[in-house]
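Multiple structures are listed underneath, in structure tokens.
Look for chain A in each of the two complexes below; its partner is chain B in the first and chain C in the second.
Take a look at the complex of A and B:
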């Protein structure tokens, strides 16, 4: 819970710098900016100041590369990976027919999500390197609670580079 | 919040999981070392030739083309004038969501460093040695194109699942050939049986049991649909040698079948009880192996969903009930002799051995059952067709390899020759498995490039393919055919209406094939 509280505080703090430059602008931009701010204010009244995007880190276990992206709330993780050029396959284009977008979620996020449907579970049965918090990227939709989470993309093959042996011609 | 039993309860425990790559077992110490190792950074130029344009070839091409400075070129050859391999000719026509992977392929083909050469048969039009001489590396991705044999008397009476699948998927120039080759009349079919119970068998069952209406969103060619949907199919039986726990299909496929209206699934109570031996129960105990979760979920699903048949009379009663269509799952039956086109003699089998290594054995060969059916299909797996000049392991029906490097007959690695997909690991596994398998082959290639073990080649294509006496199909040519297929499909509300003859292709492309 503390964690959640911390995140809420952060998102409010992030709104402050937006207000600051207002005084340094000419009339036109001021007008535009005011309009934007009004718009923002309207939205915040309706949706309790939900940020539209959250920060999500993708950690690719194939090469241990990390990338932090802005993830739109409501989009699924495969969509977000693709719009940010993250190496996550999605062979069936999110139609729940393959398990190529297998990802690993942090425990607390996994626990807070609805359970996967039977069809998703059927596909997870076949996923490589299944973990206790595995899901299909195309079935996990971003919520504001996911701000700051790290999503892991599993290692691609089971038996390579384990002992560092690579076959070579002589 | 109150929740039901956790889905995580089905999973093996954490300690077990950590034998594999999981969320917590990567070693951060190697982070910098491994980072970016997956991208090729050589300044030299390489050209690779991939034989076969199915999923295995495609995923290898995709990985190779991701090299940072565009120093890698890829030529993809296929014996058919069209790309996509099994995605076009194997994936069931009603699984359009799986066929969506084609769009992903198209992106790769549009890459300027990737060229498609269809209608080129390696071994006939061009020899593998020519390719090896002129390319930096050759990647074999031609899959497993032939049906395996059961090895019993009278097997020629059986119809091969591959043939019927190719036919209903509109394999080029195959429509008439299939009709001429079959020894039954499609419109007389009522009860169909399949030997084997893998995902191919469930595909067949689904295609036969679905109504014409239920198949209207598929891309099954219209002439095929008219013939295939003429008979009113009453039942499909899938006959397997081992028990329920050893079923080869995945839960996804049977769940899909169970959701079709008008279809009920049946199991024999006796066979279910026989399946539950100690070793099988262990196989389904979460945590005992990586497959346990899947086996457990599938078996639970079958037990719950299928209606249990008490005895043969009950079976007869159900079979003659015309109010619905039936899918019978039969177990512990090993075919011993094909008596004629409609009847096969089976031995009753029993399981033997420890968990995960259980084999079926015939303990009393005298005990035989004869099953009758209007059509017997054989779906017992595939084997790779040997390619002239390429080593072949006749025991496993694959290309002998170490992590994707092809091994010669005396066990040495052949420079520049790689293999991926079904030709590498045998005809098992779904698309995800092929993806990861291709990635393994790619990483070996990448490692060889990094260590300068491969020759740099630039004008490979000019040296080999442009000298062919036969005309080949490029991706641009194919895109035209695809456009017309899509247009034809749109008119009748289908994803596409496939062309069935080479002449159609010739007319559209404007060259003789």
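Take a look at the complex of A and C:
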């Protein structure tokens, strides 16, 4: 629970250092844990209808694999990637302290979004393979307009794992 | 040594300037068959090629060449911390000189690297949307060469011509801008002829058209007031050794808001915000910072002193010589640069006749080639006048005696060479040299 809310809290209050303790657990436990929590939280918080979702495709440029997911409006892309077992690093858990959740948006979506804040821009400077429509996944919140968009995940991050190792979310 | 009126650092610089006496006063020293004054060295009037290191800068650098040797990127011990602190102080000093934020300064190895990084970096980053670059015909070679390199890669480049006075035409700039123009690179102060472009107006035009404006300010920063916000500058290149700092160090200014992005040329450890990987050289960086600091303190003094020297030199030679032409605009120029053409005199002969004065017939990078300067060609100078051009550069440490000596030496040499020259006789007879067909019929 703490982990879930910790992540959400940090993503909204940009640049706040991670206050919540990190839970280090293996990948599958985390996913299961999050999944359960998500469901639980959803059931308890949104007693009315299910929140609206849109279809978003994640295209991983590392192996050109695609995955279409249901993304809840209002969640950020890192959150969505993690809850769908998509390899997007996000080492700082959306506390705006790293560039490992670097994603590439389609032109029209990027142009419609607000210009990134200075802190995000500074981190983007450090992102691997920066493009004109690059953003940090933790700073992009899903809107209705994003229905059907394809988000690209770059080939690599700032981590120099050249042996193919993929770091797991903490 | 005469009194140097307005100079508060007179006594100080006498100890440290290049004129440190090696002989007894009045003694003449002969080196390689040329007789020099007390110093045994020629008089240095080539301050556009490089400037001597200010002794205050050397003092600041010394600790970082001796006991403070840490890697400024080391995070885990005090060796790293102390050099990092020094580097950050230098960054602040340089930022203050140009009215920028500290984080907008990226250190490089010099203005050539800065120009390469900026022009290629911006062009490459925005190439998916924009593929057009604007520059001028009188830029430094590193800018022109970077542009030619990009042309080979498929970018389109417009090289703006300049007017007879060396300044670009703002209307022409406006017309040249396309929706696909990513960057315009126009130098602030020209290295050969010293003209200062109207950068503020250029910046305004570029901003209106959403084009990034880069200016190569290697010859300007530290010598004239530069403010990145007042002048609408997005990117600038700075050189250490042109502002009385050490060689081998320079900087880029890259605007953070609105952010200018560039693709780094150097891959590596991600130092300097990933834009210029590679361990910084703290002693050089500290030297650049100290030089910037000294320049901001001495800006007014330098300006007064150097314009005084220029006026003195100019009045002496214009009183003695006719048929000389000042190249580049008379008003919009840096006071420490005079570029003159002497009709009827061959440039290289003049250089040879002035062995006691270190001057140049063009930029330092061209002086080994015999081609007349492309900058003067762009001004529309006839080849014969371009061949006789000579650049005189005055600086912080130039003295009145040196200027007087150089002016006397120059007038004597020009007069003597003209006496020997058949061209000079023709010029005096009023023959237009360009109307003559020099080739002989076979």
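A few remarks follow.
Quick note on the criterion: the second predicted complex is superposed on the first by the 105 of 170 C-alpha atoms of A that agree within 3 Å, B and C clash if a C-alpha of one lies under 4 Å from a C-alpha of the other, contacts with A are read in each partner's own complex, and residues count from 1 in each chain.
Operating definition for what follows: contacts are C-beta pairs under 8 Å (C-beta built on N, C-alpha and C of every residue); 3 or more make two chains touch, one makes a residue touch a chain.
All values reported here derive from a predicted model rather than from experimental measurement.
Of the two partner chains, chain B is the only one that A:155 touches; chain C does not reach it. Shared-chain residue A:63: touches chain B; no touch with chain C.
Contacts of A:132 after superposition on the shared chain: both chain B and chain C are touched. Of the two partner chains placed around the shared chain by superposition, chain B and chain C are both touched by A:118. Considering which of chain B and chain C touches more of chain A, the answer is B.
When the two complexes are overlaid on their common chain A, residue A:91 makes contact with chain B while staying clear of chain C. Of the two partner chains placed by the overlay, only chain B lies in contact with A:104; chain C stays clear of it.
Where the contact sets of chain A with chain B and with chain C meet, they give residues 118, 121-122, 125-126, 130-132, 158.
Across the complex, chain A is touched by residues 3-4, 6-8, 10-11, 14, 17, 20-23, 26, 28, 30-31, 34-38, 95, 97-98, 100-101, 103-104, 250-252, 255, 290, 293-294, 297-298, 402-403, 405, 412-416, 430-433, 435-437, 439-440, 443-444, 447-448, 451, 453 of chain B. The part of chain C that touches chain A in the complex is made up of residues 103, 125-126, 128-129, 256-257, 259, 261, 263, 270, 273-275. Taken in their complex, chain A has these residues touching chain B: 61-65, 89-93, 95-100, 102, 104, 115-116, 118-119, 121-123, 125-133, 152, 154-161, 166-170. Chain A makes touch with chain C in their complex at residues 118, 121-122, 125-126, 130-132, 158.
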